[in-house]
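A, B, C, D and E are the chain letters, set down in written order, and residue numbers restart from 1 in every chain.
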């Protein structure tokens, strides 16, 4: 699971039907200093994450399919937590 | 799922039979500024994505196998949405 | 499985219920020289890893779901070992 | 699935029995300009790919296990197509 | 599957019970020129790989779990072959 920052959302008229009605959030993996690490991921949001908030995202396909309620969905990556704070080591 | 840009397509005479008849699209993962992030992926297209369009691609093997209708297919990555617009955070 | 260093932990009030009660540890993949390699991962900790300790983390979703006891959990990545020492080649 | 270029092959006397008799090809992921992107992968070849040819490789473990005919094989990554040509966007 | 070089091993007293008794090898993915590519992986060794040897490593979780004999193990990545030689394209 990545620590990530919410960097935007997107709209798509043509999409897999299982994505209908879900917020699609652009999440940028970051390190603890807040610096970008690698490519952003588009994740399903079930927690109402706000812009610039830090979140945990998971690539788990099975769990994301269950979240959207379609066992044949290509959906992967979902926001699994909204981060309150991090304690550096 | 990656935000990506359609950068080309490819033809292949010799290929796994499950890929027969599908458009094979070269999709470059990008960030919100449109800059390339990492290696391009070859994805199955079921939405008729146009060149230079922004799309969401998913690595889900199970969903891609179902899309091509062959449970033994090595196909992975499919275009799951055509992006209308993104709203930066 | 990555060799990683414990770099912090995080708290999250809003989260998937399966993450309730588990320590969420920020683990930075490293090489043998201790240099960071790629993006940090957030992992479940069942071993009581201390800050700055070196650990092995695994991305296995199935094992992590079993560890948290919820077959529908999006949890991935768990600390699978606390490293005593490494012997360079 | 990655667009990749065949960069070599390798021989291995000591190996998992399921790899016996298969060509093991070193495939370098590339972009459309032919530039290397990330680490090379070792893939099973069922198509007779020639050196320097461009191919599509897939990480699908299930399909690769079926290709080698051993449900317990650790084999992953197989060449799924030989590219005739690419059309840039 | 990555081409990799054996760069060390590690010991861990506190670990998932399924890792008990297995050699844990630090494997650095490399290209054909022997240059490091990406983060090292910790892999189970069933072949007796020697230090500095080149190996093929696979991320297959299912196969690794079968190798260690525990269906709930978080073990991933195993050495699947010891490379005799590579032939550049």
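Observations
The rule we apply is simple: a contact is a pair of C-beta atoms (placed from the backbone, for glycine too) under 8 Å apart; a residue touches a chain by one contact, two chains touch by 3 or more.
Please read all numbers here as calculations on a predicted model, not as lab measurements.
Removing chain C from consideration leaves the other chains connected by touching as one piece. Averaged C-alpha coordinates put the centre of chain C at 19 Å from the centre of chain E. Put simply, the C-alpha centre of chain B and that of chain E have 31 angstrom between them. Annotation for chain A: residues 38 touch two or more other chains. Under the stated contact rule, the graph of chain-to-chain touches is a ring, a single cycle where every chain has exactly two partners. Read around the ring of contacts, with chain C first and chain E next, the chains fall in the order C, E, D, B, A. Interface of chain B with chain A (complex): residues 1-3, 29-32, 37-38, 47, 56, 58-60, 62-64, 66-67, 78, 80-89.
Taken together, the chain D residues at the contact with chain E in this complex read 5-16, 19, 24, 26, 28, 36, 38-43, 51-52, 61, 72-77.
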